[in-house]
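Take a look at the structures listed below.
Shared chain: chain A. Partners: chain B in the first complex, chain C in the second.
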Partner chain A sequence: MATLTIDGREVTVEPGTTVIEAVRRLGADVPHYCWHPGLSVAGNCRICLVEVEGMPTVQISCNLGVRDGMVVHTQSEKARQARQDVMELLLINHPLDCPICDQAGECKLQEYSFDFGTDGSRFDFPKVHKPKHVRFSEKVVFDAERCILCTRCVRFLDEVAGKDELDIINRGDRNEIAVARGDELTSDYQMNIVDVCPVGALTSTDFRFKSRVWFLKQTRSVCAGCSRGCNVTVGSRWNRVLRLVPAENQAVNKWWMCDDGRFTYRDVGADDRLGAPMVRKNGRLVEVSWDEALAAAAEGLGNAGKDLTAVVSARLTNEELHLAQTILDHVGAGERGYRARDFAKDDMLRTGDGNPNAAGAELMGLTPFTTDLPGAKHVFLCGDGVEQNEDLSSAAFVLVADCRESQTILEFATVVLPSVTAFEKRGSFTNVDGRIQRVEPSVRAPGSALEDWKLLGRLLAKLTGDAAPTSADSVLKSMGATRPAFEGLSLGRLGPLGKSTATATAAANGEAQ
Partner chain B sequence: MPVSKRLMEHAPAIDAPPQSLADYKATGGYKGLEKALKMEPDAITQMVLEAGVRGRGGAGFPAGRKWSFVPKNTGKPIYLACNADESEPGCFKDRQLMERVPHLLIEGCVMACRAIGAQAAFIYVRGEYPQSIAALEAALIEARDKGLVGENVMGSGWACEVWVHQGAGAYICGEETGLLSSLEGGRGYPRIKPPFPAVEGLWSSPTIINNVETLANVPVIVRDGVEAFRSVGDDDTAGTRLVGISGHVENPGDVEINPATTTIRELIEVHAGGVWKGRKLKAVIPGGSSVPVLPADAIDVPFTYGAVKEAGSLAGAGGVIVMDETTCMVDALMNLMQFYHHESCGQCTPCREGTGWLEKLVTRIWSGEGSERDIELLDRVADTIGGAQQGKTICFLADSAVMPTKSFLKHFRDDFVKAVADGGSPVFKARRDRHAKTSTAAKTGTAAKTGAK
Partner chain C sequence: MAYVKVKRRELTFAERMYLPAILKGLSHTFKHFVGAGGRAGVTMQYPEEKWELPNFYRGVPALVKDEDGREKCVACSLCEFVCPPRAISIIPQEIEGVVEKAPEVFDIDMLRCIFCGYCEEVCPEEAIFMSKEYEICGTSREELVYGKSKLYEIGLTLGDDGGVTDATKKWERLAREQSEQGVDTHQGADTE
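And then the complex of A and B:
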């Protein structure tokens, strides 16, 4: 171990640690553009300069290894002046058009300029002009004038995504990032380059100009696109989800997520969302009150008994799956399971399992459904918004809890209970590695649709006469009694990074975490 | 004033074909290699260390010490890269070695490989040197044919291959780590250190990079011994130096000298026939365009690393650029800034953005649109950019723009003040007036009449 002093504070770190990492270990930071903890060190932006006692020149802290006894100053006059010099040079050819730049509000140039830049420039020449709104793909647009050539995007695609598709062309202050292999970016992870870009050079065609980022409500949640459970920050405004960006979780997705996952929010605003409970009367689905719908549902389930065939979605949260299972146990349903869903797999994050909570479903004792539904007399589709086309023509009773209209609902449903998407509810998912992670609502569901846990809780109450659960958290806290993997857990205890089921089990057994 | 020929002692005339293998061997060629193959590799390094030969590419780092940095037993191959990019304006000495005595370099490469444990050497020759490449390629064919290079060097059972690689015309590829990036097929981007190339260079393997002239000294050191080698030069600069003299002199060209006994003035007045056209000397850039300029009264110093440094500049890569009394230093600096701006690789912020700013400022002064403030700013911006000497950039290219700027302003500020006061530099005004005359003549038709007469 090496002990060094940074701005008067001692810190002990492993050999091989860089100075910038040591600074961050102290909870402080050094300004940086090209350095990213998930990428190789490029050392080109030169803004992370610090002064080290005994070294004649300032040093880039991103490529400087710690040594025992090292004395580092990040705020000395020499270090500050050097950073200010670099800052001035970064801006001489950079367009100062923040009012029309989509990065404003989350731009490192703005932030560092505010922190330690000067209020004017000594540069009084026309700026170098370069191509603007260059199409890198249908998802990513590039503005060469705003680019500071930190090469984070080049390195991300090469080192992380395994697609060496970007490079630098030209030389000196004519340098530009360009697609170097083929005509357009093809990586399924290319939108991460928009996130790692510290300035407004790379923007997402899906999000750009939709909202100033400071107006976004930022909600930390989990992507429901596959069973990886990438941590995300959902940006929403006007009760609409506008973008998903990855949130760091070293145990799950590090700093990244796939492009398809970012587009999962589009289901939220789909125009076939269900907003009111319905019951089929005289062959037609008619909007009814929740009370009437739940009563009809409970009656139908009670009549079905062991003849009930239930398809419970592995897109439901752990709490909802638990409630669904409790209902099915109460009714004594015979056949039950979940539908497996495929999702293109890769070597990076995409697991190939399109259900975000298949592991949770398995923990609840559910297995993938193998039998076909035709022939079933009594059916409960406890779904979640993915298009279903089941042939239920022979069923006498079909209860559907879902958030989107489908052909199945229109043709066969007896009772329809409108539920919500993963962006509108609270609860937890268990990911492919058995990690239980928190899902948080970022927007409100349309009409009188209810979160699935609430809907299932009320249905259960109707069946048993007990009180309905008051929150997803209360369900999680109580389910540990019968489901050991969840013992001792609460949504609060999961924290922002989640907990592995193993850890949870160990904690429940009183072992050290 | 003695001419000290050692590397070029048996070199054929400048227009004659390159020295053949037979001629080279007849004058002691490959005797050094023969001797080296019988020595322990470390003993070769020790000899080079004791000889005290310093890097002739500009930095002047002791070659023997550099070799000693190669880690042993890493399980990786070790490489030698010969820097024959010679891209520094004002330098053309390596070209003389490659085109006239190519076997001297090849022998030096093989011996260096033997010393550092490499089995392959890459000679990175700048693309603008097709004759150098042809001479080296022809010499390599001869050397391979006679078993001096290849799978069984001189029957020793030891294999060593030498490859010639043609650069594609970028100044930055003469920077040693930019050279490695280019050699690997990538953009000629200099690399951050650590890791140092001796530990992680070509293809992440230990690599030693030496200049052509540095390697050409190795056969001489081993063949003649340390003492003989050190009989020329002094403790600071051991051995001879090849120096190219260009600019406003009567006889530009290369000369091999004893650096301890030859002053910059002698290089100009004796070896280059003096300042041309009977004019007076104004300024000298002694080590290639990147080093600080010296005024005419500061050149009575020997051409050793130490003495030139003490005089306020650097002996660098041995390219003496001479400027006569008619030279406008604003014009000269503008030319240099155009070069460094054009050649900045653009990797580090200060150099990428700053070299262009310097060029813009000096051009403004040159064209009569500058002010006193611009002169001051030119000086300040040079400080802002800094460069590797201040820790602000990866390589020394930024310093190469900063050092001339600072020194031009220090010694020749009057030229800049005059350009501001007189509405532009003399060169600018002459061009403008010539253009004005032509256009006036074209309008009035006087050109045609004059032509008829």
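And then the complex of A and C:
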């Protein structure tokens, strides 16, 4: 162990730790561009300079190993002056692009300029110009003038994504990042380079110019793309989701997420969202009040009894799955299960299971669905009425609770209860490792669509005559009594990083409960 | 707090009569009455006649284009951010060329605008100015949300570039430097 003094505070760390890590251990930070906790040390941006007693010059803290008895000053006049000089060099050829640069507002160059830059330029010559608006792929656009050549993007693709496709070409002030192997970027994780880029050199074509980042409402939630459940920050504005970026969670996705996951928000603004409950009258679906629709649904379920075949989506939250199971138990439904959904698997994050809450469904006692729906007499499609277009013409009663219109709904549904996407509700998902994580709403649902837990709760209340649950949290708190995996949990207690319970983890690992 | 007792002044006899004061006032009225016969009159014949406004007057904020007719606004949304009553709404779009970005929608809700001039002050491109336009009327709320075309129309009253020419040279200079250095700044996928 090495004990060192940083700005007058003592800290003890393992040998091999770098000074910047030791500083961060204290809850402080040193300015940095090229250093990233998830990447190798490059030591090229030089902004993390600190003063170390006994050393003749300022040192870069990202590549300086700690030594016992070391005395480090991160805020001394010498260190600040050194950083100011580095800033001046970095900005010599930097364009005045802030008004048209998407990074503005979350740009480290802006932040550190504000902290210790100078307010003018001493450079009298024309700036060196480089290519702007270079297409690295369909998803990523590059601006060489804004790039500070920190190589975070190069290192991410090489070290984390395993695709060594970017490199620095040319020499001196003509240095620029380019796709050096192949025609364009091919990684399924390439959009992470937009996030790691400390400046606005890499921008996402999807989010480009949609909105300034300071207008975005930022909501921490969980990606519903697959059963990994990467933590995300959802950026929304005008009641529209505009982007998803990964949120750090060392137990799940570290700092990253896959590109497909980022596009899962597109369902939210789909044209075919359902906004009003409907009941089929004389062969046509007509909009009715919630009360009428729920009464019709409850009546149909009651009549069906054990003849009911129910498909419960494993995209629903734990609370919703619990309510759905309670309804099905009450009715005495015979066939029930969830449908498996494929999703390309890889050895990084993508699990291959497109159901974000498959583990939760298993914990509730649901298993993958095996029977054929065609031929069933009474059908309940709970959150699963969109993708499969089966022929349900022989069914006398088809209840659908889902958020989008589909052929199945238009042709066969008897009662339609409009529900919401994962971006519009609160609840929890159990991920592939049995970690229970919180989902938060970022936008409002269209029309009078209801969160699935609310809709199922009211349906259950109609069937039993009890009071409907008032929040997803109250469902989670009460279900612990019968479902040990959720015992003692509440949405608040899950915190931003989620929680693993012994039962849930054991179940996820395939061990007997 | 200490109290100070103020002694009221005793009124003179004439003041207590109050008639002299009335006569003094009436004489003023009479002077104007007679004077109006000689001069054009004290009432300005608005709207046929209009005020000469001072240059610092802050009327409707308006957008301006540069000498080449190019939109100066790059949709940076700083004015939208700074506007205290949130009167401005902008939806940016991508365009071809050095500037890359321009507003697709630029609305100012004139029912909200308080003519503070912050938008003019914050604009990094000198694209928005307070005009001398003060006649804001309409028959519906929608009509008073001024869109891009209306804002540019008002901007024309400020002259070609809002009276500021230097700022617009920024993009011109950039384009010139880029071509001198032989850099193609707007290219496709083939970077090698």
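Operating definition for what follows: the second predicted complex is superposed on the first by the 499 of 513 C-alpha atoms of A that agree within 3 Å, B and C clash if a C-alpha of one lies under 4 Å from a C-alpha of the other, contacts with A are read in each partner's own complex, and residues count from 1 in each chain.
One rule holds in what follows: a residue touches a chain if its C-beta (ideal position, glycine included) is under 8 Å from a C-beta of that chain, and two chains touch if they have at least 3 such contacts.
Because the structure is a prediction, the values reported are computed rather than measured.
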Request  = After lining both complexes up on chain A, report clash or fit for chain B versus chain C.
outcome  = fit
Key: First (chain B), second (chain C), both or neither touched by A:Ser474   = neither
Message = For A:Thr186 in the superposed arrangement: first (chain B), second (chain C), both or neither?
response = neither
Ask   = Of the two partner chains, chain B (first) and chain C (second), which one does A:Val128 touch, if any: first, second, both, or neither?
value = both
Task = Applying the touch criterion given at the start, work out whether A:Trp214 contacts chain B, chain C, both or neither, answering first, second, both or neither.
result = second
Which superposed partner A:Arg171 touches (first chain B, second chain C, both, neither) = first
Inquiry  = Tell me the contact category for A:Cys98 with respect to chain B and chain C: first, second, both or neither.
reply    = second
Request  = May I ask you to decide whether A:Thr5 touches chain B, chain C, both, or neither, giving the answer as first, second, both or neither?
outcome  = neither
Inquiry  = In the overlaid three-chain picture, which partner chain does A:Ile47 touch, first (chain B) or second (chain C), both, or neither?
reply    = first
Message = Looking at chain B versus chain C in the superposed three-chain picture, what is their shortest Cα distance in Å?
response = 15
Note = Overlap of chain B and chain C contacts on chain A, residues 128
Request  = Could you pull out which chain A residues touch chain C in their complex?
outcome  = 95-96, 98-100, 104, 126-137, 169, 178-180, 183-184, 208-212, 214-215
Query = Across the complex, what residues on chain B touch chain A?
reply = 170, 187, 192, 194, 341-350, 352-357, 360, 364, 377, 380-381, 384-386, 388-394
Key: chain C - residues contacting chain A, complex   = 74-78, 80-81, 92-94, 98-101, 124-125, 170, 174, 177-178, 180-181, 183-192
Remark   = In the complex, chain A touches chain B at residues 41-47, 49, 57-60, 63, 65, 82, 85-86, 88-90, 92-93, 122-123, 125, 128, 148-149, 167-168, 170-175
